[in-house]
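Handing you this structure, nothing more for now.
Here the chain labels run A, B and C in written order, and each chain numbers its own residues starting at 1.
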Amino acid sequence: MQHFLTTKDYSKTQLQAFIDSAVRLKNGNFYEKPLAGKSVALVFFNPSLRTRASMQIAIYELGGNPVILETGSTSWSLEYRENIVMDGNKTEHIKEFVRVLSRYVSAIGVRCFATLENWEIEKTDPVLNAIAGYAEVPVFNLESAMHHPFQAMADMMTLKERFGEKRPKVLLTWAFHPKPLPMAVPNSFALAASQMGFDLRIAHPGGYQLDKQLMDEIQAFAKENNSTFEFTDDPDAAFDDIDAVYAKSWGSNLYYGNYEEEARLRKPLKDKWIVNESKMARGNDPVFMHCLPVRRNVVVTDSVIDSPNSIVIDEAENRLHIQKAILAEILK
Amino acid sequence: MQHFLTTKDYSKTQLQAFIDSAVRLKNGNFYEKPLAGKSVALVFFNPSLRTRASMQIAIYELGGNPVILETGSTSWSLEYRENIVMDGNKTEHIKEFVRVLSRYVSAIGVRCFATLENWEIEKTDPVLNAIAGYAEVPVFNLESAMHHPFQAMADMMTLKERFGEKRPKVLLTWAFHPKPLPMAVPNSFALAASQMGFDLRIAHPGGYQLDKQLMDEIQAFAKENNSTFEFTDDPDAAFDDIDAVYAKSWGSNLYYGNYEEEARLRKPLKDKWIVNESKMARGNDPVFMHCLPVRRNVVVTDSVIDSPNSIVIDEAENRLHIQKAILAEILK
Amino acid sequence: MQHFLTTKDYSKTQLQAFIDSAVRLKNGNFYEKPLAGKSVALVFFNPSLRTRASMQIAIYELGGNPVILETGSTSWSLEYRENIVMDGNKTEHIKEFVRVLSRYVSAIGVRCFATLENWEIEKTDPVLNAIAGYAEVPVFNLESAMHHPFQAMADMMTLKERFGEKRPKVLLTWAFHPKPLPMAVPNSFALAASQMGFDLRIAHPGGYQLDKQLMDEIQAFAKENNSTFEFTDDPDAAFDDIDAVYAKSWGSNLYYGNYEEEARLRKPLKDKWIVNESKMARGNDPVFMHCLPVRRNVVVTDSVIDSPNSIVIDEAENRLHIQKAILAEILK
């Protein structure tokens, strides 16, 4: 039984095979219904539009029955800790919830965002890992505190579509946003890019470094693939010689759960950390990427996101195809 | 590519063809699955029970896969204005939302009620029109600020079932309700009735006139069809010689967004503007119609809505059939 | 037309036939799609994860189309009383809601919990019975104020799996819980166990008696089946000679709607009314049962629910099979 929690659990060869399969699906060369008669649970601890739509359709197009469960208003009412007296506000233990679901469905997808409250706990992805640990069927990650692997794989597929066998030089740049956001998307993008052997530069202001352990793992993948991996805190020079720009905002783990302190660090960055035409002009006619939703004229200017170099809609479309490819594989 | 936003965009011949097709579907003479393998998004900015159920079933019975998306708690978090710095509470632009959905689905249904805040903006149906403008697939209206065309078409089908080739004399009468309501239903009913060539009388108290531009359009359709179009503010004489009574409450656009002023205008109308047996007796044994949900003994008495002349359940049933007919046509 | 509102409406022979059919379904000996082309409404006045998932999948596996409707945020906005002026906060009468749904779907499932406000009203199951009264298609109960018959039937099936033709001695024991809970589960379990002819003991502290009329009906079934039916308020001796322990908390109908008074009665019961290993040791190597969700180390200790004698996950799985069996029968 294979889960799909992070790309880290898969080899470069396997990731490449997923992309090849997704390209075939996108071209329509796939007529089987590998999920015929099977139900798949999609458990949302958090709201979702794009992931919800694309996963439902992916499962439907593979012949299966998507079953959406929203913990919604009772969000986080599932207890994940062991040996606990449940006399508080948690009404069910993940142990029962997951074991029961395992009797009903062939796989379980889970979205459980970071709550941005306690970094030491959240960096271990406790909810996702508890679910995967108890499940008797494959579990796949629809975005957890630390990872968003389907998004990263859709991004890798979109880069492959654009660059083919060429090894692109990719910039992951922090961007300003009115609120601190989770780190799952930048984590997974950087990880997958290094696993694929792309040259990777990460740009962020002081105080916004990503998880040290993850950066060490990425360094190891870069070494293995003979690719480069570098950092900068210069929001302009970051774009020099770049083939692909991936913009994303995230919070500071120095002030995790401390919104006011973080706001003080963030506020002066507003005008400097936006992707605009003059920065893009420093690159190698780069494509512009973002996972969406995106705040126009805050993260990126209209002129960049509306330009022919913007491939954000392709990334979103590829979510559907890569999800079909990966589900077909782990559920076969 | 054809949208279905208002009946105004279709000729009388086309509207009649939708009704004929819906009657065939109701009689079971339709075995094709024109939506087989296709997904259709149903985007709800507002709650819904009847529309949600009937559209899901319509799509299922046509062979397709309904995908429900609720902006729900994050209602109106989609920005529709151009050239805007998105540093407020809107997290995604409709431009991205709709272009992404267009890659996933074969059509997009949208419910976006009036917010009853700014009449000059809302009368232009800005959200619906922004969605239709960016979409690369057909968009259909599940009730916008100004129109509810599926409801109107179900109403027209129900009138055709009752009156056949006879041209009924139809009364649209304002009714009391504890709160101001949107005008989409009366707008679309009056518009469709005039397009179909029915004789139309609209009764409402002072201050509750419908949109001037729409009334002019209705007048033009009446002229084209040689049918009558008249107004009255007499809640009793309004019923004289009438074949069909359509009751509906709506708010005053004089006090749009000003609930307290509107309440002062509305309050004294309570006892006068209810459909009851004595009013119905002035008509030509008229049928009683309402789009539902309806407040019993406020909008209409139990004795009228429970009488054999009440066709409100038929109207609701016909939503299913007319929606199938129209979707099959615009998605063929 | 047959509803499925409570097991009381079915004979022992019929209940046994449902279980036999469910066992065949569980073993995979069932290839028909009795709901092909049919839509079934699932109306939730209250949240649900397990019932929602298992019913959706049951309907899908029978070939049908589940249509979920949540009155949700507008919970209880349906009026059920006759002859009422609807000028309050209820926006639609159940009469219209149900008659319209009857035109769209082949059956209607309803979840409408007790609101724990007025015992004299709620013991009559007014919402469920109003829906069943107006419906023109079969209605089935997904848990009402007084009954949860699918849960009880899944429990009976699980007991049959364990004990075969043996007549088990079953204990239904009250358990501590931080809040007063509805009585639908204990009511339906006790009722079904007596209908099946099992020996039944009910243990609860003073003030927590179940409905008098229901207990009289159970007494009559016990007499008819020559089985025993007894009560105790001793939380330990209750376990003597028992084959199966069913734990469940419920509120006191003496203090119905009076949470503070009830809390005073409940608080001192905390340490005494938990299912633990020493109590279980008094029984006849009994199985442990619970409908889930369960609060670990409040209702039952980890050591009991994690032991091989715990059959709580089997009960939950059997929900799927028994629901398929019963739906296939009442919708045939």
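We adopt the following convention: a residue touches a chain if its C-beta (ideal position, glycine included) is under 8 Å from a C-beta of that chain, and two chains touch if they have at least 3 such contacts.
On a predicted model such as this, the values are computed, not experimentally measured, just so you know.
**Student:** Could you label the chain A-chain C interface same or different, taking same to mean over half of its residue numbers are used by both chains?
**Tutor:** Chain A vs chain C: different; shared/all numbers falls short of half.
**Student:** Rounded to the nearest 5 degrees, what is the angle of the rotation that puts chain A onto chain B, matching CA atoms?
**Tutor:** 120
**Student:** From the C-alpha centre of chain A to that of chain C, how far is it in Å?
**Tutor:** 41
**Student:** Would you mind listing the residues of chain A that make contact with two or more other chains?
**Tutor:** Nothing qualifies.
**Student:** For the complex, give me every residue of chain A touching chain C.
**Tutor:** Interface residues on chain A, with respect to chain C: 37, 39, 41, 65, 67, 69, 71-74, 79, 83-87, 91-93, 96-97, 99-101, 103-105.
**Student:** Flag every residue of chain A that touches chain B in the complex, lowest number first.
**Tutor:** Residue list for chain A touching chain B: 47, 49-50, 52-54, 56-57, 60-61, 178, 292-298, 302, 312-313, 316-317, 320.
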